[in-house]
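First chain A sits with chain B, and in the next complex the same chain sits with chain C.
== the complex of A and B ==
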């Protein structure tokens, strides 16, 4: 936008005019966004990753908006000022001055490079200090909260007072998510309940195809791959409800693969977890022992997950080759 | 101007001489319906399909797992593969290579059937192939568009289902795949094949046989991907992720083989165009004089040639998994579900720029014509396209930010992804610099070109949000990214295609497209495109994943708004079709030889263009952007004393503005 105009005395200073239109628009646009829209930008502030996701989005937006307004103002100004229909519009001048302009080119390239490098650096910092920012980091996370190494979690316990990281396993299968809590005897639940004010480690895996665990308001998204433990971190900050949706196409009922979760107080969580552990004890005994991944059976489906042998895993009815549960 | 000078000598030996058919020994092709054409190709496809299917059943009959499962992927694969082979045999694609293989002189080497039936034949004239491609890509486009209407119909309600979930996911998958296949070729195929030789002063493409082959691959790919509907569809979307792919039924074979066949066409088209541009430029057409559209096609060709083999191989691995029980993508047998994702996106991200660069090039090419000014920063534009092409190979893992692979590589891929917006931004520098102090003629092509700058800005800037790993956690895999790539591909590429079609149709057909209907077409398409897709950014941010048939109730208002706009957007394409019918058949208006007063070499040939384009290879004297320049050099020397003068279109009046 800093194109060098070869002004002669009759010619208005187009770039200054454009700048004069752009500056107030960009300033007002940014301020309106930052103060009016910004605080309400999804995914909210239920967790640390949600807050930083919102913050990052807003930073990107206040940088992007002036750029977009700048281009639009330039386009609009050009269309209005240099239309051939306009009476008295000057004949354009060809020649080398119209073919390139070193100052304009250097300015443009420098400006875009600076913005881009700043954004990459900013994103990296946010990613690293945000413990992976809620994205799935695979089995060997590069960034993790303290106390979340595999060795520490293997012997982990969790109570409302000890500030430990809470590991929760997310198991995706066609077409539902279930959750196991290894620190509470490895019981499995179709409900995702989390304590507030706690670092959470999600261990995401799948029994069949690739799903993606997207806890929208928690700002956590991690693909569920069969045979892979995909780890994602977040820290809950307050109580509230959230939605879990599958975010990777996983077959015909992908659109119906969602449920709801809750962040509750630490004590409420503990009482829910201990009571569910006790109530589910008989079922838990029949489950495969808690593991990071579960091996499917010879049919290529996760039949091996049911150890008791009384469950007939699959019927012969095929829809897209996926065999439906018999029941 | 006329190009009928009886001069047969060339300026140099390295350009093709139009061969004079040998009178006696030449085996002329049979004319009329006895010869090879679309009809025999269809027969060949059907015969090949049944032979292959029978063969597959014969092979598969001895395997228990096939008998038990009730489906035989071998039969489906061989049926379609031999069907495609039959298609090539039927159209006559194999005549030339087979004749050469056994040492005979090639049948109908250059002798072409020259009546209207040539449009249904395997022809080596790049202008006929270009027109065939126009029809081909429109067929893809309208099929995919109808499927899009069906998707938006289903999404009118968060709970009521017009289609069953199986039908819905098939519609979504077919829409995505058909549109992606279309978009790889929509500019390169029709406009690239037609105009690149004209713009570089060549009489032909480097490999005319392969050019025809690429088109008939494209059409065979349409049949194959469409056969998925007969097979019951496939549930994976256009991305085809394994293991869902491995689990899916026969329709998946159509997807994998369809991409392989289309991929073959893309590779052929790519290296043919690259070879043409590198070797067949007229004398004097130095790299700094090559039109910017040709630069874009060259960069795209490099991507087509280098990236597509990955897709081809990935598709074959998938077919082997389904037929020969290999385990490339089966985790529990030593394969990896990440392998498909990596291979697919290693192709898939260069693919994104295969779809963007021709649009940039086309718009940069026509802006000087309607601005009456030289292209601003030509070298930056060319460098930007080459830079985008190079960088596009280093960004593919941003599609896998949450997939669970190597987290420590994420900052690198975030950096490369954001870096690519620098050369992409060059196109804005070029566009804005060209507009500056111009005298803009708002013809239909220019309207579409300006719309690209508006749309692609939104598409490009939202790409920066997606490249930021923390923000990507929310926007990945949702309607935000969906809207983002529709803004880049539809808002960019498709608008550029329309600009190109309106711009070059007078050259291709000798008829002007109606301006009044064209304005209706443009404004409805531009407005309803934005009204359809802009709400999807918000829908995505509010948590709606892609490819779902159920969504949160509070999003119904936005979804309905988007759906109704989408139907009206569909209506704008009807206006476009009406314009084609009106301007080409109902009430044709003869186009002047150079309606836009362009300096481009392609406008200096006769209309209709002679079979070998130029009676005499022109000598290029300068680049075609010397608009409004006093004493500008002539563009080219055609050797017939009728120099194409820049000064004839240069401005005489240089009085300053108000």
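== the complex of A and C ==
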């Protein structure tokens, strides 16, 4: 019989002890988190993507928590059990078993590999079934909700009684986001109002530098690049308020580039959209034709001198909206 | 040093470090009034409307950036023009704004800013004539805008003719030079710091026109420092 075998026979079954401590702690911790904390984890449940992201965070946490508790339990147990200052414990302790334990290593590597691979698969599935999970998918989205093809949206209307996707254009500019509603005459507004229970297609672009549209409680985040139509999807599930922030450092007023939006009932949205369309009609007539991207004048709009009554752009293709690239 | 002395020294150092952290955090979290503000809170009795008069010039004409476009504000106490863009205003108070616009104009990059927004009645006046929308592709275009995004305020400042022979070339400008007079009123929100800016990318020569004077305090942007009256 070897020395290790003798030691093992004399030592208590540490693994069982550790498991006996870890298992109830992990189980209770997970249950407490899932039922008490989980429903309140950001970004909430204002949209399908927010709910999905909240679910993802909760899944990640209930997987990570037992691992974390396991590490802490093992550390605490080790300090208490194998401390060199502990009376009656020989020093050094452990012998060859302390240098390596093949069985423990195999278990550890196997378990962590399974967890990581599971999370990779889980994340991919969530990304696919969530139509991009609220992230910008570029001008040609790989995943989109039913009824959100370019052809369908080009001719789509929206009313509280249909289930059409509502396209909303997000325009970043130094230093404010504005929003256009192509299904309501293409009016532009500094307010972002959305109907509840509706699939939303955000078409995100910029008139100058790179911004990033981050509607936090909607769990939508998409870069706003000049000359690019970055598409992101979500589905609003209930009414509520949300915050929009620019999350790409874009200049001196970047920190002030935020506003608040609302998800309202479908009828309230229709009322707001139609009244705003009418109120803004005079200005909408002056806006550039709705396009997925716009090409601003790189030198800025100001500085030129114009004769009275004869203002003309620097170039017919350099002013916001004058050029409509193929999307 | 004795064991007790070392212990006392350690505790003292920890307390000093903790105190510094507390002071630093408190300083960062306490909204402070920026230095050099122009105080309008004493211009009128509490609750009475406040008159705010500003001018925009195509070139400030002095200082380290004499060619930069800029705003100036008329001091409520001395009546002199001041190159400062942080203005202290009383909360929940009607502000009557007069803008003397001495700069020329051009089409807006985003015509959205051609619409008067957030003012009393949703209108402004241009040389005495009320308007709510200005098409920047007509007339002399828009020189600048005055916008406070956080309260939804935005007013286009129509440009003067670039071919005028009496364009003001150095601030402060006087009404003998070509100008447009724009007036509007708005109500200040609760206390806080609200940034304001021009939405015309008038920093000519910088990327997308938003560098230089558009990205430097005291030129084309600043703060409304709204305080209790």
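Basically, the second predicted complex is superposed on the first by the 281 of 327 C-alpha atoms of A that agree within 3 Å, B and C clash if a C-alpha of one lies under 4 Å from a C-alpha of the other, contacts with A are read in each partner's own complex, and residues count from 1 in each chain.
Throughout what follows, a residue touches a chain if its C-beta (ideal position, glycine included) is under 8 Å from a C-beta of that chain, and two chains touch if they have at least 3 such contacts.
In this text, all values refer to a predicted model and were calculated from it rather than measured experimentally.
Asker: Decide which partner touches more residues of chain A, taking chain B and chain C as the two options.
Answerer: Chain A has more residues touched by B than by the other partner.
Asker: May I ask you to decide whether A:259 touches chain B, chain C, both, or neither, giving the answer as first, second, both or neither?
Answerer: In the superposition, A:259 contacts chain C only.
Asker: Check the residue A:223 against both partner chains and state whether it touches chain B (first), chain C (second), both, or neither.
Answerer: It touches chain B, and chain C stays clear.
Asker: Does the superposition put A:286 against chain B (first), chain C (second), both, or neither?
Answerer: The second partner, chain C, only.
Asker: Determine, under the contact definition given at the top, whether A:237 touches first (chain B), second (chain C), both, or neither.
Answerer: A:237: touches no partner chain.
Asker: Touching A:247, do we find chain B (first), chain C (second), both, or neither?
Answerer: First partner only, chain B.
Asker: Which partner chains sit in contact with A:51 here, chain B, chain C, both or neither? Use first/second/both/neither.
Answerer: It touches nothing on chain B or chain C.
Asker: Applying the touch criterion given at the start, work out whether A:68 contacts chain B, chain C, both or neither, answering first, second, both or neither.
Answerer: First partner only, chain B.
Asker: Just to be sure I read the superposition right, which of the two partners does A:136 touch: chain B = first, chain C = second, or both, or neither?
Answerer: first
Asker: Please identify the positions on chain A that touch both chain B and chain C, taking each partner from its own complex.
Answerer: 208-209, 251-253, 256, 296, 300, 319-320
Asker: For the complex, which residues does chain A have touching chain B?
Answerer: 1, 3, 8, 10-12, 14, 41-43, 49, 52-53, 56-57, 60, 64, 67-68, 71-72, 74-75, 78-79, 82-85, 88-95, 98-101, 104-105, 108-109, 112-113, 116-117, 119-120, 123-124, 126-128, 130, 132-143, 204, 208-210, 212, 214, 216, 219-223, 225-228, 230-232, 243, 245-256, 258, 295-296, 300, 318-322
Asker: Across the complex, what residues on chain A touch chain C?
Answerer: 171, 173-176, 178, 188-191, 207-209, 251-253, 256-257, 259, 280, 282-283, 286-288, 296-309, 311, 313, 319-320
Asker: Give the list of chain B residues in touch with chain A in this complex.
Answerer: 69-71, 165-166, 168-169, 232-237, 239, 241, 243-244, 246-249, 251-252, 330-332, 337-338, 371-380, 401-408, 410-411, 414-415, 418-419, 421-422, 425-426, 428-429, 432-433, 435-442, 450, 453-454, 457-458, 461, 464-465, 467-474, 476-478, 541-543, 545-552, 625-630, 632, 650-658
Asker: Show me the residue ranges of chain C that touch chain A in the complex, using the header's touch definition.
Answerer: 69, 103-112, 114-115, 117, 132-133, 135-141, 143-144, 147, 149-150, 152, 154, 159, 161-163, 195, 197, 199-210, 214-216, 221
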